[in-house]
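We just call them A, B and C in the order they show up, numbering each chain from 1.
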Amino acid sequence: MRLEVEGVCFTYASSRILDNITFGVSSGEFLGVMGPNGAGKTTLLRCISNVLKPHHGTILIDKDDVKSLSRKEIAKNMGVVPQTSAIDFAFTVFDIVLMGRTPHITGMSESLKDYEITKKAMELTNTSYLSKRTFDELSGGEKQRVIIARALAQQPKILLLDEPTTHLDISCQFEILNLVKSLSTEIVVISVFHDLNLAAHYCDSLMLLKDNKIVSIGAPENVLTPANIKKVYDVDVLIKRNPFTNTPYIIPYLFPRRNKKGMTVHVICGGGSGEQLMNTLAKSHLNVTAGVLNVLDSDFETAKTLDINVIGEIPFSEITQRSYETNLDLIKKSDVVVLTDFPVGFGNLKNIEAAEKALDMGIPVIVIQTTEKRDFTNGKLKDCFARLRDKKAIFVKNVEEAFVTIGNFKGKREFNKEQREVIK
Amino acid sequence: MMNKKTSHKWVFVCLLFALLFTIVITMMIGSMGPVGGGNDGISFQAFWDVISGRDSSSAFRSIILDIRLSRIFLAGLVGISLAVAGTTMQGVFKNPMADPYIIGISSGASVGAAVSIFLDIKFDFSLPILAFLGALLAVFLVYDISRVGGKVKVETLLLSGIAMGAFLSAITSFLICMTGKQLHFLVFWLMGGLYLASWKVVATAFPPILLGTVGIFFFSRHLNVLTLGDEPALNLGIDIDRTRKILLTLTALVAGVAVAFSGIIGFVGLIMPHIMRLLVGPNHRTLLPASALAGAIFLIWADTLARTIIAPTELPVGIITALCGAPFFIYLLRKHKGGVM
Amino acid sequence: MAKERDKTKKIVVFAIAVVLIASISVVAILTLNSPKESTTKVQIITDDYGRKISAPANPERIVSFGPSVTEIMFALKLEDRIVGIDDNSNYPEETKHMERVGGIIPNKEKIMSLNPDLIIASDMLSEENVYSLEDCGLTVVCLSPRNMDGIFENIVLIGSMTGKTELAESIIEGLKERINAVTGITQDVYKPRIYVEYCPYWTFGPGSFGNDLISMAGGRNIASATEAKYPNISNEYVVGHNPEIIIFTVGQHATLSQANFINRPGWETTDAVKNNRIYPIDDNILTIPGPRMVDGLEELAHIIHPELFPLLTSSDLSSYDSLNRGR
């Protein structure tokens, strides 16, 4: 079974809802349709099921134009699961699922076969135990499963779902989408999603709609790029890889826009010691830079995630002169430097030296020292720290104190004044 | 499911027996007795003579078999029509307040009847024919003005029905003002009554009511699916426009004929479907026949009261149905505040 | 399982259908096979609706449906032949003890049980009910006079049907004499403006008996220029036409008194209210198209021209002696 949508346009009250939509789906494919509210997703589904008639374009089901088919023929091949279902009359669940057989029933009443198919649809959706209950007594998840069962009773070759999991809890969401996914091996499944991650997880292909047009269509990793998402949803995101399925995993970038006029804090860290600090700093209105970090270091990853300008160094090597100088450049641009509690060896000793240089430049340095540092430098670290003390670095016991101290800073120049006074 | 089907079967058996029982008993009740008559009424012996055929030519025979029995049959037919029409309208409009008159049937029939009286038309069945034509015309108009861009939405139909009803009521009132004589009769007719019953009337009313009712039964499944909503029904393969048109036409036929011969009898078409839905559920396959039987039983009893309670004067049966119907309706409303039926 | 269910259902439906059809056919056969009425002599008459009725030649058991019919029959001394009357016939006194057969809606069972051979109905009985009664095998003659001559024709008709032709004619003679006695005088006098009311703000318009009677009694009905037979009138209209005399009916349906009229807005400017010429009249003698209408005429004449018609002082003229008052 192949569904072809060619050049479909739909206008409603003189505003374009769909503009030149073209795509195709075959059996065994699970297509996810996404886009902001009002992009035309539900309208597209309605055009496919021929509830709405597009003003231009054609929709072909296995080469048959949908317009030329009778309602019954369409219903024999296409099942639709809407967002919500309100059923005013006290029908039992079995009655409702049995209604899915309507397009197939000839004559006055249902046949044995119809009853069997209904039972099977209920088994597939795990709704058999609800058989005798009335529909409106059910929970949201149960209702949705019943409606899906009804659509399945139609024995559709195309299944359309409109936000099937919006009102469901997480276990229901997975249950339903797993079911739908398993069905999608035989039939065409098109589903509208709001949750990008669910869509990325389950769909074979995705379609992004914006401003009534298709922005992107194809495999999830190609469609879900930060650029596309920014274009369509106007949201900054970071894309990671789902470690289980290797599909894209979207993390919205929730931190507020950096106020470029605010203070800049340069963090020298490593080994995970800078994670909390960088997170906290990034959430406040401060610019943050970091360096130098080993690219395999978790702090490096944190910095990257937080989109912090970080200087990375190739693994298993000491800090090169170049990195060191770039670090100093960053330090020069910052207002305060924070040195976290990380294990120091010959490889990253230069980071401590950079902190010293910061003090020479007149930039205040906060040193977080929770315990005696593990010293892999045969005593050189001790000397560095002594020098830091001499140059009036501020020693604090933990990240919170560091943060408070940063909060008290009013600026480089001010500190210098204070520092000179202290020295005096 | 097995249990439900068997319990439904029992409901049907009970209803059928109740109907037979009703017909037999109400044949004995009337202003001439044996039950409800004065001392000069028919005695039970005389009644039995008539039934067994021994009495073949007296006035008593005419009273029981011609006048009374034909009236009972007409009451049954009208009861069936109104109950089935009401059930259908509640399904098509998905509205528990819908009754058989909702799309302009009652107001159209009133205008037809008023016209026939106003114009002093004097041929047999002139009033029922004009009432029926009025009902059909009103339904046709209501459907036509509800058509927006080739589609007819259910909400629009409802509102058009109300608007048309108000408009036609005004015309009827105007005709009433102008008609002077026979004003009383028109007012009585509007209140509903089965006093025009005769075998001729029953024979005339029976075919269209039978046809219409059976026709609606055939669409039970469609009605079930229609109640899911427009879009779900479309997606399940029902041509909702065509189905609705057919159902509205059949309802107009059935209710129009009923109204033509019996005036406007309220509450039967509104209440019976609700009661039966509580007993047999919302599946129209069982609901429609059950409502039909219940409607017949109810109206036969109501009419028996109407023609006996202050004999020899007759009370309009619409008053009896309203007196029974209104309190029951209020009870229903309070019980099912959630709106689920 | 389902197949079994289907089968039983089909059998049940079939059984119901058979029972229904069978019962209807049996009843139909029973009723249709009832032997026809034995052949009695008939007379063909034409009623006021233009229908040709074949009525029994000398009806002995008559149901009177309408006060006018009842009064005519009593005038023709046919009260012994009356087996039933409608709810609204309440004149004369004897009617109190007669069998009632219903009001607007005839009680067919009752009528049938009285075994009448003729029903005479006024236009109180609507056509539908007429046809309905005829469906039971009853003979119905409908009377619907439009004017005084029509009433006379009704009297003649009933008289001729019951062998009372002579009496009918003498009654009519008497009535005509009395009418002429009034109209002879009122032809050339000044005709004051009259407003007559039978129900709050409802009056007699052109084509109604009340209107005709007023003219004959020497008055000018201010509503005679309106469009309807029984128009609803406004304060404006009445005050604008300034009636000199107000006459209102009393009886079953009326609830009025002189006080009502005086209190109506603007009416105090009318001559009638200023001169306190507001009089009651029995509504039956103005609305029932029978012999008592002449009583009504005389009463109206007395109210409108008291100086010309002083003899009649009581508003209750319901005595059949007056009919036989030799003049």
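Everything that follows uses one rule, which is that a residue touches a chain if its C-beta (ideal position, glycine included) is under 8 Å from a C-beta of that chain, and two chains touch if they have at least 3 such contacts.
None of the values given here were measured: they were computed from a predicted structure.
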Between A-B and B-C, the pair with more C-beta contacts: B-C
Chain whose Cα centroid lies nearest the overall Cα centroid: B
Between chain C and chain A, distance of the C-alpha-averaged centres to the nearest whole Å: 90
Interchain centroid distance [CA atoms averaged], chain B/chain C, Å: 34
Between chain B and chain A, distance of the C-alpha-averaged centres to the nearest whole Å: 61
Set of chain A residues in contact with two or more other chains: 109
Residue numbers on chain B that touch chain C, as the complex places them: 2, 5, 9, 12, 16, 30-32, 40-42, 53, 56-57, 59-63, 65-69, 73, 117, 122, 124-127, 177-178, 180-182, 184-185, 188-189, 193, 195-201, 206, 307, 311-314
Parts of chain A lying in touch with chain B, wherever the complex brings them together: 46, 49, 51, 70-76, 78-80, 82, 85-92, 94-96, 99-100, 102-103, 105, 108-109, 131-132, 134, 136, 154
Complex interface listing, chain B residues touching chain A: 1, 94, 218, 221, 224-225, 227-229, 231-232, 234-239, 277, 281-283, 285, 339-341
Residue ranges of chain C in contact with chain B within the complex: 1, 5, 8, 12, 16, 24, 27-28, 30-31, 34-35, 49, 87, 100-110, 112-115, 123, 126-129, 131-132, 135-137, 228-230, 232
